[in-house]
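Look at the two complexes coming up: chain A is in both, with chain B in one and chain C in the other.
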Partner chain A sequence: MKLIPIVCAATLLAVALPASAALRVVATTGEYGSLATEIGGNRVSVTTIAKPTEDPHFVDARPSQIVALNRADVLIEGGAELEIGWLPPLLDGARNAKILAGAPGRIVASEGIQLLDIPLAADRSQGDTHVAGNPHFMLDPLNSKVVAQHIARVLGQLDPGGGPTYNANLARFSAELDGKMKEWTAQLAPFRGRQIVTYHPTWRYFGRRFGLRADTFLEPKPGIPPSPPHLAKVIQKMQDEKIRVLLVEPYQPRKTAEAVASRNDAVVVDVCQFPGGLPGTSTYLQLIDVVVQRVAQALAKT
Partner chain B sequence: MSTDSRVVRARSWMMGACMALCLLVPATARAQETPDTSVAGLRQEIEELKQTISALERRLADLEPTQGQAPAPPATAEVTPPPEAPPAEPAPTEGPPPLTIASAAGGKNFLNLSLDGLVAAGTSTAGDVGALEVGGHDPAQRGFTVQNVETVFEGAVDPYFRGQANLVVQITPEGETQVELEEVYVTTTSLSHGLQAKAGQFFTEFGRLNPSHPHTWDFVDQPLVNGRFFGPDGLRSTGLRLSWLLPSEFYSEAFLTVQNSQGETVTSFRGTPGETLFGRETGERPVASFSELLVVPRYSASFDLSDTQTILLGASAALGPNGTGSSARTRIYGLDGFWKWKAINAFQGFPFVKVQAEVMRRGATVGATEDLPAASFSDWGGYLQVNWGYRARKVVGLRIDRVGGDSGEPRDPALGARWRLSPAFTWFPTEYSKLRLQYNFDRGDTLQQDEHSLWLQLEFLLGAHAAHKF
Partner chain C sequence: MNLLTLWLWPLVGLILLPTALVYFGLHVVGRGIIFVDLALAQIAALGIAVAALLGADPGHGTLPYALAVLFTMGGAALFSLTRFRHPRVPHEAIIGIIYIVAAAAATLVLSRTAAGDEEIKNLLVGNILLVSRLEVLRTLALYVLVGALHFVLRRRFHMISFEPEEAVRQGIRVRLWDFAFYATFGLVVTSFVRIAGVYLVFSYLIVPAVCAALLSSRTAARLAIGWVVAFTAGISGLLLSTQWESLDLPTGPTIICIFGLLLLLSGVVTWVRARSSARAGG
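Coming up: the complex of A and B.
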């Protein structure tokens, strides 16, 4: 027990130096981190909790994240229950009034977004449904514009000196996104109405935006592992309706997807929801760029 | 919602104004009319009226989006609906938000409610399963045991506190239903300088396993050392805890807990009069000073060794009086460690490997009795467990448990050395349910023979989504 004072003293010596950035931002997942960097530029330092390649529904509440949240000026979360299994204990540990629910520094990205797949009943016999709706809304690039505006407004409120920078960055981001949006729409336009199969209902917003139907899933219900009878039905449907493209994310079981694809001459396309999860996707726009390219190529081939 | 209602209110105000105008304007017009007013005049009035209405409509239309921007999120009008109707969407699944009472969602209600059921079935070669299994929530008999049915009430009390209550219901081997108020406490949400206070009845923050609830454990039963030092229900009592998140780069937190030191959940201390500690009977010992309370300092630190590995270390002490004499005291010291590796592309949290170990030493001074002098005793215990989530939803685990005998003379026969080996297999159909099969091999001075036990455990969770600490 005599060790405790020594450890405490050593800890105090290692006290964090104040960061040069005006605002410390913590994002639950990578796409919000990327947007915060776009808007905040070098006026913010950004930490992202979930790794881009891991299942965002099941992230460990590592104590280092408690420290990051304790020091944060801003927290950006999706808010549609994606983080419900790990964010609450981190926030309890963080004891930071700046990012409590309703505080100016708390950005709930889903505010102002029309969510899909709101279940009619809170019934877990229907799988791990999110009562608030499908939380993967950032895969509709236009939703990212809403979130970017939201971030710019909050950063400007908390750091008025940076307001012009944030607004300029927002304008630049929105303009870039508008330009990209035209490209992406054109790239996917030839495939309007085509169907794609995904493992989990992750790509509903993406499909809706670009005119693709993404409503066939390898999971029989959200969060429930594929059963052989369900997979047989999916295989049959792919044959009947000539569905030839199957999307899989870095953490999802690729072998299952491959097995289904091999029965239909379909192709498995590696995609990801989060920047950094695929090579060459360090930003949100790069991520959507790569995903659109990959999906378009696969649809063109099949 | 409030935006909508404001728009609705604005709209009905406008409608009212329009109707009033419709009634008013012709009346005024009529009053001004001369008998020879032609149809043309009337037409002109109707035209004017139309213009007035359309001007009002324009104003109303202008008003709506402005009000839409009023809440925190930025304007959504330009982006929310897709530019074209989505192609061949299936029947829309969107509907009204579901009706939920303290609902399944969690986190967004005044009161988040959940119920966790933990039941076991199995058999053992031991004649007295209750003596073999040291935990109050362990399987208690051959056949079936309702280990723990826990109702959790949780929510924000106000801007300053969060509150939680855990009510546990059990069915004893005799078939009696028992209710215990396991925990009920508030924690502060926003003290400055990294401080947090907790007040009420709660599990003492000593080591890693003690403050956790049985359904979060990796094995069917609790380690031998926890049962021996902290009693069947773990160390918990009523009091206060202050913790300080130190301003270091890494996670580093100091805790200080002060709680009552008597009762059946504080067994190594004042405990319950009539029980024994190191072979000496305990008696009444009222609180005369601060030193008669239980004081538990703890320090914990954590490091991310890599993107996939994290380690959490802790040191705790529990210091307080015991009931064997007026100046008798107990001191328990413990070290705990937890290391976890989780794959960089983990699916539903798998695969992972986690290693957890705790070791504790208990020392006590005991008072003199009629036949025996005052003395000091000590004993120790610990466990090491490894769990490997080798693929999605499946975990194999192994735990080695050991408690050493006491150093006393005469020795307390109840405190003989014991050890246990427990391999286990757990399957999680979803994160809301689990099935676990565990075998225990028990050997020790307090047992007449080697004992073999096999337990099957089922857990299910209803209500608010569980969120677990690291």
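Coming up: the complex of A and C.
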């Protein structure tokens, strides 16, 4: 019976200890990790599963990821089937009821976002098309505001004591984003209506927000490697319509992009959808900053 | 210690499943057909690709699995038909050709379907950390069946692998038994590939068998040595990668590197033994 007070004390200690980090947040990819840090501040500890240079459709499981998911209070995923290939088995291994689908600790970022490219007929004839729609919506900066609100709401529910902090951080983030949004729009305004080619339909939301047409892809269908006839068509289209900018991400084959670009005097621009994937981009806002700069420079040169 | 909560099924899998692989590894190394496992796994993948062409979702349902098994049987037939008594070309060359043609054919088939290349690769290359209870138990049931068959018929399987001339002399239908060997081997390999990936399957087949061949010449002792090597590498690899959190090592490659160290150790032991027996003798 003497054990009971000890167990109580230990439990209290365990609850009281993480005073500096009330919630343990796991994010599938870096942009959600960055947003969680912005909103949670020092009340949360954030772990990101995928490396910024890794293809978010295919992530290799490591022991630490399962341990982090096992201990997590909150899981933020993009949703729209982006992580469908690797998150479910990781969650099976992690055995954590707090972050299962539908649990209060599970944040699906795509909820509340208007998704593009929802297929009319949901079959596999369109390649690895996500039936739910294009999952790369965080590249429209305005969508990140919606997701930040979502995160602040859930963090406040799980840690009511931190509510005021989360709301203050949300207001600060939104204000900063609004300011940046004006800069970015101004930087890309001279190129309104220009076309860019991308490897995968990653930059559809980005293009739509800033008035660029990003609907020519090196992949014939999402997730299907480029075939020679398709590349020939893209090269022809780039020549006919004077498209001179080709975006490529770290895990996409740069050689293919260079081969296509070299036939058109086009430039290959290295971009990334996740903070940390390009130098000087440790946060989400810095990432969009650098991407906008690089795209604007390339469009100005060509 | 989250070993028994988080890593229970990987641990159980790494203890129970390699028993069958080590056994087949002794045969494969004895026959000198090291890459036959990769070829069979690739043929199974071709079956899954064909299922995708027929409109099945490669990850689910019975058609992909049925075609994978059917193609594996076809591969087993090919391998048993191409093992000649007086070969003009080494069997390994034919195995290599079958591997590469199956891989290229899978790419061609996939280019006609909507399923991505990566999707098939994911099915082919498992990750032992993510294995579920169902997968372990299902695979174990298959291995128990195959193991029982091979235990009952062990003399016959031993003879066709290690003394084919004697088998022919005794009037044993070597091709038929070869087919039984490759068919059961294909089932074992393909199911383990889905759990643990190609690299780990290759390591489990070849390294324990090579260590055992270095250290002993008796079949029973070789099997025992192989099992010890396999358990040591699997369990220490899993422990090292999961319990040493600051390093965060991926599990599969950790196990394979430990296999490398164990082979080195076996080599050193063999060398020391050879030296001391040479001294004692001379």
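As a working rule, the second predicted complex is superposed on the first by the 282 of 302 C-alpha atoms of A that agree within 3 Å, B and C clash if a C-alpha of one lies under 4 Å from a C-alpha of the other, contacts with A are read in each partner's own complex, and residues count from 1 in each chain.
Following the convention adopted for this analysis, contacts are C-beta pairs under 8 Å (C-beta built on N, C-alpha and C of every residue); 3 or more make two chains touch, one makes a residue touch a chain.
A quick note: this is a predicted structure, and the numbers were derived from the prediction, not measured.
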Next on the checklist: Given the alignment on chain A, is it a clash or a fit between chain B and chain C?
Outcome noted: clash
Next on the checklist: A:189 in the overlay: touching chain B, chain C, both, or neither? Say first, second, both or neither.
Outcome noted: neither
Checklist entry - After superposition on the shared chain, which partner residues are touched by A:146: those of chain B (first), chain C (second), both, or neither? => result first
Next on the checklist: In the overlaid three-chain picture, which partner chain does A:53 touch, first (chain B) or second (chain C), both, or neither?
Outcome noted: first
Checklist entry - Does the superposition put A:227 against chain B (first), chain C (second), both, or neither? => result second
Checklist entry - Which holds for A:300: it touches chain B only (first), chain C only (second), both, or neither? => result neither
Next on the checklist: Is A:113 touching anything from chain B or chain C once the two structures are fitted on A? First, second, both or neither.
Outcome noted: first
Item to check | More chain A residues in contact - chain B or chain C | outcome: B
Checklist entry - Touch check for A:168: first (chain B), second (chain C), both, or neither? => result neither
Checklist entry - Given 98-106, 116-124, 278-286 or 368-376, which one is the stretch of chain B whose C-alpha atoms run into chain C? => result 116-124
Checklist entry - Which residues form the common part of the chain A surface touched by chain B and by chain C? => result 57-58, 60-64, 66-67, 70, 85, 89, 92-95, 123-124, 128, 223-225
Item to check | chain C-facing residues of chain A, complex | outcome: 57-58, 60-64, 66-67, 70, 85, 89-90, 92-95, 123-128, 221, 223-225, 227
Checklist outcome for this item: Note: in the complex, chain A contacts chain B through residues 1, 3-4, 7-8, 11-12, 14-16, 51, 53-55, 57-58, 60-64, 66-67, 70, 81, 84-89, 92-97, 100-101, 111-114, 116-124, 128, 130-133, 142-143, 145-146, 149-150, 153, 192-193, 207-209, 211-213, 215, 223-225, 250-253
Checklist entry - What does chain B use to touch chain A in their complex? => result 71-76, 79-82, 84, 86-90, 93-98, 100, 103-107, 156, 159, 162, 187-192, 194-196, 245-254, 297, 299-304, 307, 310, 312, 315, 317, 333, 340, 342-349, 392-393, 430-432, 465-470
Item to check | Sites on chain C touched by chain A in the complex | outcome: 2, 5-7, 55, 57, 111, 113-119, 122, 127, 129-130, 132, 241-242, 245, 248-251
